[in-house]
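Two complexes follow with subunit A in common, the first pairing it with subunit B and the second with subunit C.
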Partner chain A sequence: MVISAATILGRSISRRVVASTLVCAAPLALVSSVSLAQQAPPLKIGVILPLSGNFTPAGEDALTGLRIYFDQINNEVAGRKIQLIVEDEQGRPDVALTKARKLVEGDKVQILTGFVSSAVALAVNDYAREKKIPMVVSADGGANELTTPGPLSNPYLVRTSQNGRTPSAAAAEFVFKQGWRKVAAITSDYAGGFDTIGGFAQAFCKLGGSITQEQYPPLTTNDYGPYVTNIKRDADAVVTFLPGANGLKFANQFIELGVKDKMPLMDIFGQIAYEPYLTQLGANGVGIYSVLHYTPMIKTPENERFVKEYVARAKRLPSDNGPDAWVGAKAIAEAAKAVGGKVEDTEKFLAAFKALKFDSPKGPIAFDKFGQVIHSMYIRKVEKVGNDYVNTPIQTFNNVDQFWPFSLEEFESYKYRYVDLKGSMTDCKKVLEKK
Partner chain B sequence: MRRYSLVILLAIAIFAALPYVLPTYYLSLTTKILIFVLFAMSLDLLIGYTGLASLGHAAFFGFGGYVVGLLVVRGQVSEWIALPAGVALATALGALFAVLALRARGSYFLMITLALAQVVWGIAFGWRTLTGGDDGLPGVKRPTFIVSLADENSFYYFVLLMVGLSALALVAIVRSPFGHALRGIRESETRMLALGFNVWRHQFAAFVISAAFAGLAGCLFVYNTRFVSPDVLHVVRSAEVLIMVILGGVGTLLGPAIGAAVIILLEDFVSSLTQRWLLILGIVYVVTTLFAPRGLVGLYRDYFSRNRKR
Partner chain C sequence: MIWVIHTLNGISFGILLFLLAAGLSLIYGLMKILNLTHGSYYLVGAYIGSTVIATTGSFILALIIAPIVVAALGAVMERFFLRQFHLDELPQTLLTFGFLFIFADLSLWIWGGDPIMLPKPALFSRSIDIGGLGYPTYRLLLIGVGLLVALILWWFQERTRVGAMLRAGVDDAEIARAMGIDVSLLFTLVFAVGALLAALGGVLGGPIIGAGPGTDFDVMLLAFVVVIVGGLGSLRGALVGGLVVGLLDNFGKIFFPEFALFTIFVPMAVILSFRPTGLFGRA
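And then the complex of A and B:
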């Protein structure tokens, strides 16, 4: 205990104290090292999350998850107090950049974490790379480019949340296994939509299936009736990615017009089967499939403890941002412990971070060499348990890395980026064209 | 006049000394403030001096920024071309919008400018292969104009120079006969018509000049953040700069500058202190409208003229 505390404190122990530790009896040394432990400079963590504007629920989820872990370890790691400085980025990239500058240059934080919107993560990415500040993306910010080799890759960035394409790949595996070979895709007309459906198309074409129809309603669509009636009836299933309230609007009309009884629905990222919506959908929602790297119904001690604590704090079930931020917090703490509290040695800290392996509410966690988390993907089905409607996991893909089911080499050999595929997702030849 | 030149010299000395006094974060915040000072002043030329309230000024700000971002990131074009091109194209967009918007007045003008700005925003948001959509375009490098402006200090001086020169130009414009004619138009279009002024041409010129300075501010903004996303074109951005102008004092040039500084500083400090910062900002706006309807500069002038009377 004494030895470990002394090594952790490292250089901050003055020569006099070292001498006295050697001379004095063990209990005295323990007392002196404990009092020194409190004097060690705090570990300052800058948290950049949207706490006002459109992304507020995701930001609050992440903040709750982060706090649950740090409170669990009494906001202290390796003899250093953890000091969280929370900044609201309003979902706006330039505000986030100003806040990042304030945190790094004004408050002198050692680590930046949070990041819900991809645009915000991309805006801060350049700055963090330049300042060599570890950037732990631990909420929705899922831009694939952040952790793949290319002009945006940042050696100081690690991510404990999903990247954009893996849930799609898992959805493709599941859909194909069910024997559904032809699917109709509907996704919102924006960046995230093309990435998600593009990821699905790539994995699905590789398996031998095909998208027979693609529809792109704008993010501001209120009436999904025309899109629902337009769905080709010869498709075996409908695949959607409709973020935010769009999911619920679509689902209501999908159910009302009776299409749900005829065709299975696969909801990538669980935007329709989002826990707060399940009560609204009620019995009509039963049977909707979705895929995500988390569901509150995972039956592990880690998750049951987490869900209990989360419900006590937030009075609702956690979404994926809660556990993602929890993993981010735990990984920061564990990596800090591994380097004896010296997070200022950025290279060592990040190396320790990427070497971590532990169990979390969302399953076993590891990291790849690019700093992207390797975790599990859950196929979930809406079911009624007691009086509640929940997402029961029906299939789990373990050890899903960011290129899964491809290797990095194969992933990079494809010619088209997902965004270029809008309008030609139905053409598997183009989707799978190599460089 | 001597008093003014003394104040100006003092201001120059203070601004020039800031990099030696301020910590780097506050210096970068000052750079951001200066850029918004220029943006707010450009809008004030339109609102305060010409009497045309626009709710789409972010279109020129963001368009200038996007031109720089696209030329630098996608085109690898030299900054000697990118920056002038940004300003020039924003000016051209201003001319186009002026032709369309100047057919209407009052709230209809407000709605047309808003609608046109939304079109530009929609294009930036939707044309993903070119603009990167809502993920934006990262990786805009700071320019090198003879010396490298990559570090905060030299970039600050560059922005200071640009904003200073623009401010001088704006002051010269509003004091010129042209500026007086604009004020005449603001007060009464029909009377100016009767006096033989070509009202439309004056308004057109004011609109285009205003767009040019907004475009310059946008280019500087993108160089500052080294990143451009549809957020620079968003209607919230237009509203924000409108609030800066109104809070500081419409029709004074100094007012919008102060308004920009106050709002950015308030946002920065208050949002770090509490999560309920929007509430506090809201209260500040309400209090200003109630007790200083002519803005902070108006409040100051009222106070002084009252004291003088005593």
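And then the complex of A and C:
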């Protein structure tokens, strides 16, 4: 899809206009209100997202999802005006922390939300815990440790988006069921990559399959030719996690060097089968499998309404960040309603938040006791529908919690952390070794 | 046979590196400034190429229009901005750093933040058979075009009057000026040609490296490495440096995958410690 200059221009202008009207609207509403004394102070929500730099598309997706829900309820809940204060963290943890301090101490926001990069989420996590500010992670920030018992766990944090390992576990189930027992893995060389392929290795080994080759291209790889040529052709399938532009660069070489015609590709997290890339890959992308907790092709009234509104605003199909942020916004509003608008009572607000259950564009939603969302995982396959290339859901796993398909006890019984398994994912004995 | 493919991969990436580095090397050779906008020429070239392909469907047109537009940008930059600090290299380099950010933001504004890959020309989207393994003809095209560009540049530098003036300017700008050579015009010309080569790299490299926010920095870094290995100011250095880096990077990733992040920089460090001026550079 070619986005014209005018569209981009219109989009960024409207973003600023909406932001400023929202900021202005709250004081105006106060003045014009007849019952001046009874008007509750606005509910201030600090939104921390990347709106410049590499992560911009994800940040804009999340902001659009958030706005769709709040606009739907006229930016008002339990008698309080909702006031969004949006800050650009530029994809940098240090900037994010400065912005979080400004939002909490300067603007006096009651809630922080957003967080695309895990590094950013981790940087703000400590601060939010110290200030006892509810932190609603509602975009890509998927670090497992944020919602599992351990030194980083934060009782004031809830997450409406996926954690790192569950899509991997779903991918393992699907790959094994296809009869593919030996897979070649290609994963970006960083913490998120080890988490993802570690989660896959653990689930896959337990089922009885094995990884026969590990490759870890750096995030800065330009030419994926060497890695694709190096794939062992005796594997049954190729499993990847290559975020950002890496997915697109890899896919092009994978297709160009003719490997795609010979081996099935499972793209964990849908980094290759990312909607804006599908139009670029065209017919070459057809047949790629991916796992994610969302696809715009989900046939439910909630999702169809969401996609329509999203396309009208952003002129493109939503990725997972849109519905994740929508769920974040709805959960904030519903929890605020449940406590009669008194979000300042943090404990009660968070208890109400974790008790929520509702239907969303990405399927039915609930939360576990750690504040991590329980949602669905979709196995998707790239298909041509009409003139468009889309991710058709071909299998759904429901009620997937963060330890799925394990229990918390089993999850904690394994000896090695995923990052320590780098280089020995091919050794199932080590992968499954208990403490 | 897999080694033939690995070697071809390395050579084609090396040729691409040559295209990216040649302009940087030319500009430094004559003007002694490190043009930090070089990666932006690649980025803007690739983006303009993608727009041309999307509207006309022609890769050839993209290959013609994008480099010309970017060459004009380069000429304007030199004529109206760098000229303000004539022969003052440090402010000029800083100015190119400013342009890097301006081009990055303008590109984000016009083309959005999603990374793109340029589609390959239909004629070269197939593979040929090499010992039972498919090999994309596009990479062979890249090698051919890169060698052709190298040949043209060599001819231009060694066999034309402007080339002779250019060599004189590189050797001793002051004496060249005293001999009546219009060095100032040469500066603009070289800047335009440097930008043109980078944009050509942008269109040709678009189907392999792609373009997106941050690609400008990546490409600039690659070009620097090649130029340091080959020697600043030498076209021959850019070609040999590109091939050396391309091949070492490719085989480094195969044999020492755990050092993949450094396979590009290790040869640079080694060569710098033995030949600080690079393979073909002059002290």
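Odds and ends about this structure:
We take it that the second predicted complex is superposed on the first by the 397 of 435 C-alpha atoms of A that agree within 3 Å, B and C clash if a C-alpha of one lies under 4 Å from a C-alpha of the other, contacts with A are read in each partner's own complex, and residues count from 1 in each chain.
Keep in mind that, in the parts below, a residue touches a chain if its C-beta (ideal position, glycine included) is under 8 Å from a C-beta of that chain, and two chains touch if they have at least 3 such contacts.
All figures in this text were calculated on a predicted structure; none of them were measured in a lab.
In this superposed model built on subunit A, subunit B and subunit C occupy separate space and fit side by side. Once chain A of one complex is fitted onto chain A of the other, the partner contacts of A:Gly244 are limited to subunit C, with no touch recorded for subunit B. In the superposed pair of complexes, A:Asp189 makes contact with subunit B and with subunit C alike. Legend: residue contacts after superposition of the two complexes on their common chain; A:Asn222 is shown touching subunit C, with no touch to subunit B.
Judged by the touch definition given at the top, the superposed model places A:Asp94 against subunit B, while subunit C stays out of reach.
Of the two partner chains, neither subunit B nor subunit C is touched by A:Lys354. Residue contacts after overlaying the shared chain place A:Ala119 against subunit B, while subunit C stays out of touching range. By the touch criterion defined above, A:Lys342 lies against neither subunit B nor subunit C after alignment on the C-alpha atoms of chain A. Using the contact criterion defined above for the overlaid structures, shared-chain residue A:Ser52 touches subunit B and also reaches subunit C. By the touch criterion stated above, A:Pro151 is placed in contact with subunit B alone, subunit C being left untouched.
Between subunit B and subunit C, the shortest distance over C-alpha atoms in the superposed arrangement works out to 7 Å.
Within subunit A, the residues touched by subunit B in the first complex and by subunit C in the second are 52, 189.
On subunit B, the positions that touch subunit A within their shared complex are 23-26, 28-29, 32, 125-126, 128-129, 132-136, 138-139, 221, 225-227, 229, 231-232, 267-268, 271-272, 275, 277-278.
Interface residues of subunit A, counted against subunit C in their complex, comprise 2-3, 5, 8-9, 12, 52-54, 56-57, 60, 189, 215-218, 220-223, 225-227, 229-230, 244-245, 248-249, 252-253, 256-258, 276-277, 280, 282, 423.
Contact residues of subunit A toward subunit B in the complex are 51-52, 85-88, 92-95, 97-98, 101-102, 104-106, 118-119, 122-123, 125-127, 143, 151-152, 189-191, 194, 419-420, 422. Interface residues of subunit C facing subunit A in the complex, by the touch rule stated above, are 2, 5-6, 9-10, 12-13, 16, 50-51, 54-55, 108-117, 119-120, 127, 133-136, 138-139, 207-210, 212-215, 218, 222, 249-250, 253-254, 257-258, 260-261.
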